[in-house]
Amino acid sequence: MSASVAADPHLDHLREMARRIRVEVIRSVYHAKAGHLGGPLSAADLLAALYFHELRVRPEEPRWEDRDRFILSKGHSSIGLYAAMALRGFFTLEELLTFDGANSRLQGHPDMTRLPGLDMSTGSLGMGISAGMGMALGARLTGRDVRVFVMLGDGECQEGEVWEAAMAAPRYRLDNLVVIVDHNRLQQYGWPGDGPDGRMAPQAPGELVAKWHAFGWRVLHIDGHDMASILDAFEQAAAGDGRPAVIIADTVKGKGVSFMEGRYFWHTRAIKPEEYAQAMRDLGEPDPAADPQAAVAPEAVR
Amino acid sequence: MSASVAADPHLDHLREMARRIRVEVIRSVYHAKAGHLGGPLSAADLLAALYFHELRVRPEEPRWEDRDRFILSKGHSSIGLYAAMALRGFFTLEELLTFDGANSRLQGHPDMTRLPGLDMSTGSLGMGISAGMGMALGARLTGRDVRVFVMLGDGECQEGEVWEAAMAAPRYRLDNLVVIVDHNRLQQYGWPGDGPDGRMAPQAPGELVAKWHAFGWRVLHIDGHDMASILDAFEQAAAGDGRPAVIIADTVKGKGVSFMEGRYFWHTRAIKPEEYAQAMRDLGEPDPAADPQAAVAPEAVR
Amino acid sequence: MTTMTMGRPQREVFGETVAALANDDPRVVVVDGDVGSSTRADIFEKAHPDRYLQMGIAEQNMLGVAAGLATMGLVPFISTFVAFAVVRPLDQVRVLIAQPSANVKITPSYGGLSTGQTGMSHIIVDDIAIMRSLPNMAVVLPADDTEADEVLRWAAAHVGPVYVRLGRDATPRVFGPDHAFRLGRAEVVREGSDVTLISTGGQTARTLEAAELLAAQGISAHVLHVATVKPLDIDAIVAAAGRTGRVITVEEGTVIGGLGGAVAEALGEHRPTRVHRIGLQDVDVQSGPNDALLDIYGLSGARVAEQVRRILAQG
Amino acid sequence: MTTMTMGRPQREVFGETVAALANDDPRVVVVDGDVGSSTRADIFEKAHPDRYLQMGIAEQNMLGVAAGLATMGLVPFISTFVAFAVVRPLDQVRVLIAQPSANVKITPSYGGLSTGQTGMSHIIVDDIAIMRSLPNMAVVLPADDTEADEVLRWAAAHVGPVYVRLGRDATPRVFGPDHAFRLGRAEVVREGSDVTLISTGGQTARTLEAAELLAAQGISAHVLHVATVKPLDIDAIVAAAGRTGRVITVEEGTVIGGLGGAVAEALGEHRPTRVHRIGLQDVDVQSGPNDALLDIYGLSGARVAEQVRRILAQG
């Protein structure tokens, strides 16, 4: 099984895209001296699967009416989304270095008025799912074959608005709506506890599955770093059964960078030069000190 | 079993108090020509059990510091609460006729700044449970043996804030917090459907139990018009096991008045004279036309 | 004294006009927060059951859903009370609607004091102050049924977020059928020379009533109706202030930051003038019959007239 | 030009002062919305772990819990960002805190533009307009670390709801250790004769910087610091206006309904005066380094000075 998976060139490509998303996240945040890290890194595999496999989008025509929609409800992970979009060709990798800066299209939190290809502005947690529900309902009402994907954080699932939407969406049998929860078991600060890094996970084990189930959703529970499982979940979600689907994707916050994995204080933080070098090594990049050209961002990839 | 229940004078007293709450609700709303009916009537048995059995309160000392707290989160049922309080002796039954009027202490929705004995102002749905959680936590922090009861509507359980509180309360092991859901399967308007009166219930059968359970609460599911079951649930809730408790009380909206039972449009509506007479008959009162003295409210009862 | 004819309740106009709009415009939908029987969205529902979207009692989600619908080319009208359209979901209004200029029509009724004996949880005194502080948001308070109809029709055609505060109960009719609402244009509804009264929404009828009472006592009031609090018709306000040199604003809401605030800001910048503000004087409110509340809080025609006299007497 | 010393970030003062207060006052607790590491509620947590109440990312519930805690005799201080203390849970603030005058201290940081490169979802421009429109709510924006400490100490002793807007980053220190904050009292922080500048919060330091720059160009600015936007010190504002006959307000927030609105209302009623308002001109905001944003939106010392000159030149 794992041998055949390993041999699948499409999966390999997606894994490479996930790796490159992580590299661009680190590079951009290092450059901006600000930004979130843990969340974008935990979501990187999901974002790669979305932008290089699942979403029907046209980078050259970002406002194409019949595109699938994607809303990053956990808007603080914007740099992960921007990296995926840049790699997919919505804009250049160079532009990533404007992240967070004044007059940038790549705002600290996604601002749809500035960057074409963003389907909704987010940053205040809990809202993306409502907007996504409205899009899915709107697609239904206008007879358009559009699917809507929304990514939430597990901490974000404490916001009541998430459960308002969770209650309303099944009423409208919106099986064109797919919610993905980046279940990395850390929020920004939380309670001390026995989760990762001596903190308490915002949702106890199994709790999220039970909750979404009780609210009438189709629940798919997967390893959010296993590309084959991610594609499989997308496929199942696409075979609508009248219920909206939620993919609970178990992930590791800070995934891919040894010293960030599972550490809550890497939620948001500036990176020091030594840390930058270590992160790049962890991600399989040439040492930036040894190769100054590595700082120059390569071309966008399809 | 039912014979021994029927012979219990305390239960009989509570049932009579519930009946009298309903009578005062009808009388006051008829007089004010405004106010909600369905919700106060469905909650009457629960309110009687609270005010004449469970709550440690002192009508003559409404601000007694160590009293149990009660919050009517579904504040639109205020007249039910006022009737229970008047019967319990917090104020006279005559004052009930000021309900909804200008400068009344009995505001359309509970206003704690005007009426001593109200533990919180409500009316904007979804909030009472949060305030109740704060009180339960405050009792814990100040070492006071105070229990907190909050009554929610089933429609109200669509408010996200309810689930925010539902998520947070178990973290603090607040087993001094008891939530009661008046599960009358109607909201104000809702969707057409196959529930009572051709409307859809705000919560599908079994859904509420599953939801509260998934959020980590101790769930007690009862018939909210059966006094013995209500007392039994209170007793179980009092035997704290570290979890907050929720009592899902199945009720009938408009309970006790034949033509209001299960009809959504009696959520709020003015009563016509013929309807008034019929309602009083249904509640076992002498016909008001036949006995004009019946309009004079009797003394408060302990 | 001239008696004005009563108009239909603005909430009824809401149900009927939006239903009529939807006959010709397939983009129009109504998003309701379980109060369609109060806001008269039920009239719309009857006409267009498939475009009546019930969201239950969950206003944050409701406003977010509306924002999502708007991105798909629909034109959602929100059905709920002012309290639950403006205050409860304000963050959603801000981030998902105002900031991205979503084409959502926030059209709640039960504005002001006349809410059917509800009390302070349901009476919102600061919706004007709040909504006009949001970039990109148009803020409109029609005077009567005629203007409510016009404003709703305009809103459906306008691209961008709009806040329309509607009333629950019938109020006197101010405008005839030939009236023409235009965004950002204030209107002189009575000419006068001693004092300029500026009001908005259903209060304008009572302000006109006050002007009649004042006329009987020899005080000539110039009355300007500001339906659009944002964008504000600064020229009209400056001109109206110039007519009498003395301005009093009158609104069914708090005197802090609402219409009175907008007028004080505009005149402070463009034509310093003495401005008094009649309205809720930063007090808590309560339930009661409409007339009783209008009287208690000084907004009935008689009470407005009395306050105007007192203010003028102070010199 | 005099350079001012930098004060400590107000959010740090929050963590430290509230922790210190709790040493002597067992009623003091902190209620946090998962951002204690940002608001520095973590300092309090370290000192008083049992009185640090984490509520997760659920601000409506958080404010409601605070209201409940207050009824039990506790004095809760809210730890979150301005966006999530004022806008997200506004209905709870209104019904559970402002209306019943609950003894809750709403003390968020990350006020104004300087929020650490977050963008428009996190930058709240209308918190002053919103909070001052609520009855019973005191609204205070301390100028610096010294005053933040005083205000927090005052708030703990004061009975009733209080809104204190705090800043994220260090700003210049305006007051010495002998300064005495008093609710409802505005303070002249610089004497002048050509124009009166009125500002609040961290903006006062930059307004003083502007005054220095103006002085170098021969313009003498009188500067009034209004820490308490509500209750407003009308006498001080009228007096300051009288000093120069010409007022310009300066605030890190929208010019609609905020400090500028409060000043325009007060002067319109008590002393008609020309009032210009410097601040966010009803525009959408964005992320960026503090200095870049202050410059773009016209709130750096240099940009304020430039605007004051331009306004005065217009006559």
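For clarity, chains are labelled A, B, C and D in written order, and residue numbers in each chain start from 1.
In this section, a contact is a pair of C-beta atoms (placed from the backbone, for glycine too) under 8 Å apart; a residue touches a chain by one contact, two chains touch by 3 or more.
This structure is a prediction, so every number in the text was calculated from the model and none was measured.
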Shared interface partners, meaning chains that touch subunit B and subunit C: A, D
Mean-CA-position distance for subunit C and subunit A (Å): 42
For subunit A paired with subunit B, centre-to-centre distance based on mean C-alpha positions, whole Å: 44
Centre-to-centre distance between subunit D and subunit C (centres being mean Cα positions), rounded to whole Å: 30
Where subunit A and subunit D are represented by their mean Cα positions, the distance between them in whole Å: 35
Residues of subunit C whose C-beta touches two or more other chains: 54, 56, 58, 60-61, 83-84, 88, 91, 94-95, 99, 120-121, 284
Touching two or more other chains - residues of subunit B: 111, 113, 121-124, 126, 158-161, 164, 167-168, 171, 191
Category of the chain touch graph - line, ring, star, complete, other: complete
Residues on subunit A engaged by subunit B in the complex (per definition of touch): 126, 158-164, 167-168, 171, 191, 204, 207, 210-211, 213-216
Complex interface listing, subunit C residues touching subunit A: 29, 50-51, 53-56, 58, 60-74, 91-92, 94-96, 99-101
Contact footprint of subunit D on subunit C as seen in their complex: 83-84, 87-88, 90-91, 94-95, 99, 120-121, 125-126, 129-130, 132-136, 247, 254-258, 260-265, 267-269, 272-277, 282-284
For the subunit B and subunit D complex, residues of the former touching the latter: 69, 111-113, 119-124, 126-127, 129-139, 141-142, 144, 146, 160-161, 164-165, 167-168, 171-172
Footprint of subunit C on subunit B - complex, ascending: 32, 34-35, 75, 100-104, 107-109, 111, 113-114, 121-126, 155-156, 158-160, 187-191, 202, 265, 267
